[in-house]
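Quick notes on the structure that follows.
Every chain is named by a letter (A, B, C and D) in the order it is written, and numbering of its residues begins at 1.
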């Protein structure tokens, strides 16, 4: 029997309007049954301030079901090593089950960071 | 005989992309024959740095034809006393010919500034 | 370890140049936003701080290579901003308030600052620098 | 009077708190933008500076009430950024570069900074603060 998990949640750490210019992080996660993958929509910035929230969300997901995570990065403006660390620790768990992280539609600057760190050879970039 | 002036010009002091967040000032001026008014589209921010450019544009307009100036403020994000001074010195010239400045579609924060300074009693706000 | 901090300070030292005033606005908008000020208050603070910076740059009489100082003091219920130049200062008694109905290109800056902020103190004299301190209180949540 | 300025400096002093790193990014994006850096370079600079600030905050060992210092030196052809904390410092020789292919959550920050910036100097020791200086050159216009 395959456990089907349906979940949709939005967590906002902070929200700024146009004038304020500061973006924080919005996280949306859901499990896609037909694809058998977690879908994670990241919007805003992952940095030292917001990385904990991402770590929490990812841990929750993988504890519920250890399956591929497909991250939609269309609206992910920024990530640095604090965010990459979250992916790396998730990868350690995922690789045991031969699962992976898939990053879709990410900005060139983020792709560059994955190249530099060699993560592009481990994570799947679409 | 009425002199008809048709002019369209765009002056940019600086342009910033989404990531850069800094907006400078874009000025578009044209003379509308049927309304017999100058139409001035301001986009961005009028402050100490950009006010000179606005002053130049307004002076040029009034030297060509001393007529009403209708300012479209939909995309005017910011103005302070350095910008108001430009309006005030233009008003001094315009009032001699019983002409005026009309400000259309301005943001609440700019309306507030006009109230505080009493300019709302002199300039027409639409 | 995690004792509560009641006051935090951000300090920006910046050249006496007009092109940097927008950077200061960006900074204060972000600070005020994260403190919970609403859009109207943020716009007020941006204008007031810009006026003070414009004065430091235009009237301070400093070299463009010299810097002036903007300090942000973040407390639970208020933001205090100081703008200090190390310029020539001025005689406060010689400054007149703008007269309503009169068209005057100058003399609006300090009047606007006082109108938009909750409290304003100016420290200046005809041969010391000028330091203007302005306070905006967070509104009670309703 | 209007002699050309070849070097200008902006200095920001900011608390050791994670929530302010985004403000520093905002600041440097605006500075780099006005200097003429392109989008790719601006993103590189934002990441490198964030890494340095994150290190000051995470590893400096300072009180959150203490501030660290970010200096921007704007020259015609380059931007030099220094991040200085007055914390416990570290022993540079004990730090290893990340190994390609190995999954390691830590140790990426300085490696990323060195990859993205044109020149990097670190001044630190096991009981002095840390100061990291990074330089990005403007590309020749083609």
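Some notes on this structure:
As a working rule, a residue touches a chain if its C-beta (ideal position, glycine included) is under 8 Å from a C-beta of that chain, and two chains touch if they have at least 3 such contacts.
These figures come from a predicted structure and were not determined experimentally.
The fewest steps needed to get from chain B to chain C, moving only between touching chains, is 1.
Comparing mean CA positions across the assembly, the chain most remote from chain C is A.
With centres set at the average Cα position, the gap from chain A to chain D is 25 Å. Centre to centre, using the average C-alpha position, chain A and chain B are separated by 46 Å.
Here the CA centre of chain B is 40 Å from the CA centre of chain D. Each chain gets a centre from the mean of its Cα atoms; for chain C and chain D, those two points are 28 Å apart.
Residue positions 19, 22-23, 26, 30, 34, 39, 43 of chain D each touch two or more of the other chains. Within chain B, contacts with two or more other chains are made by residues 19, 21-22. Those residues of chain D whose C-beta lies close enough to touch chain C in the complex are 5, 8-15, 17, 19-20, 22-23, 26-27, 30-31, 34, 64-65, 67. Across the complex, chain A meets chain D through its residues 21-24, 45, 47-49, 78, 80-82, 84-85, 88-89, 91-92, 95, 107-109, 112-113, 116-118, 121-122. Touching chain B in their complex are the following residues of chain C: 18-19, 21-23, 25-26, 39-40, 43-44, 46-47, 50-51, 53-54, 57-58, 98, 100-101, 103-106, 108-109, 111-112, 115-116.
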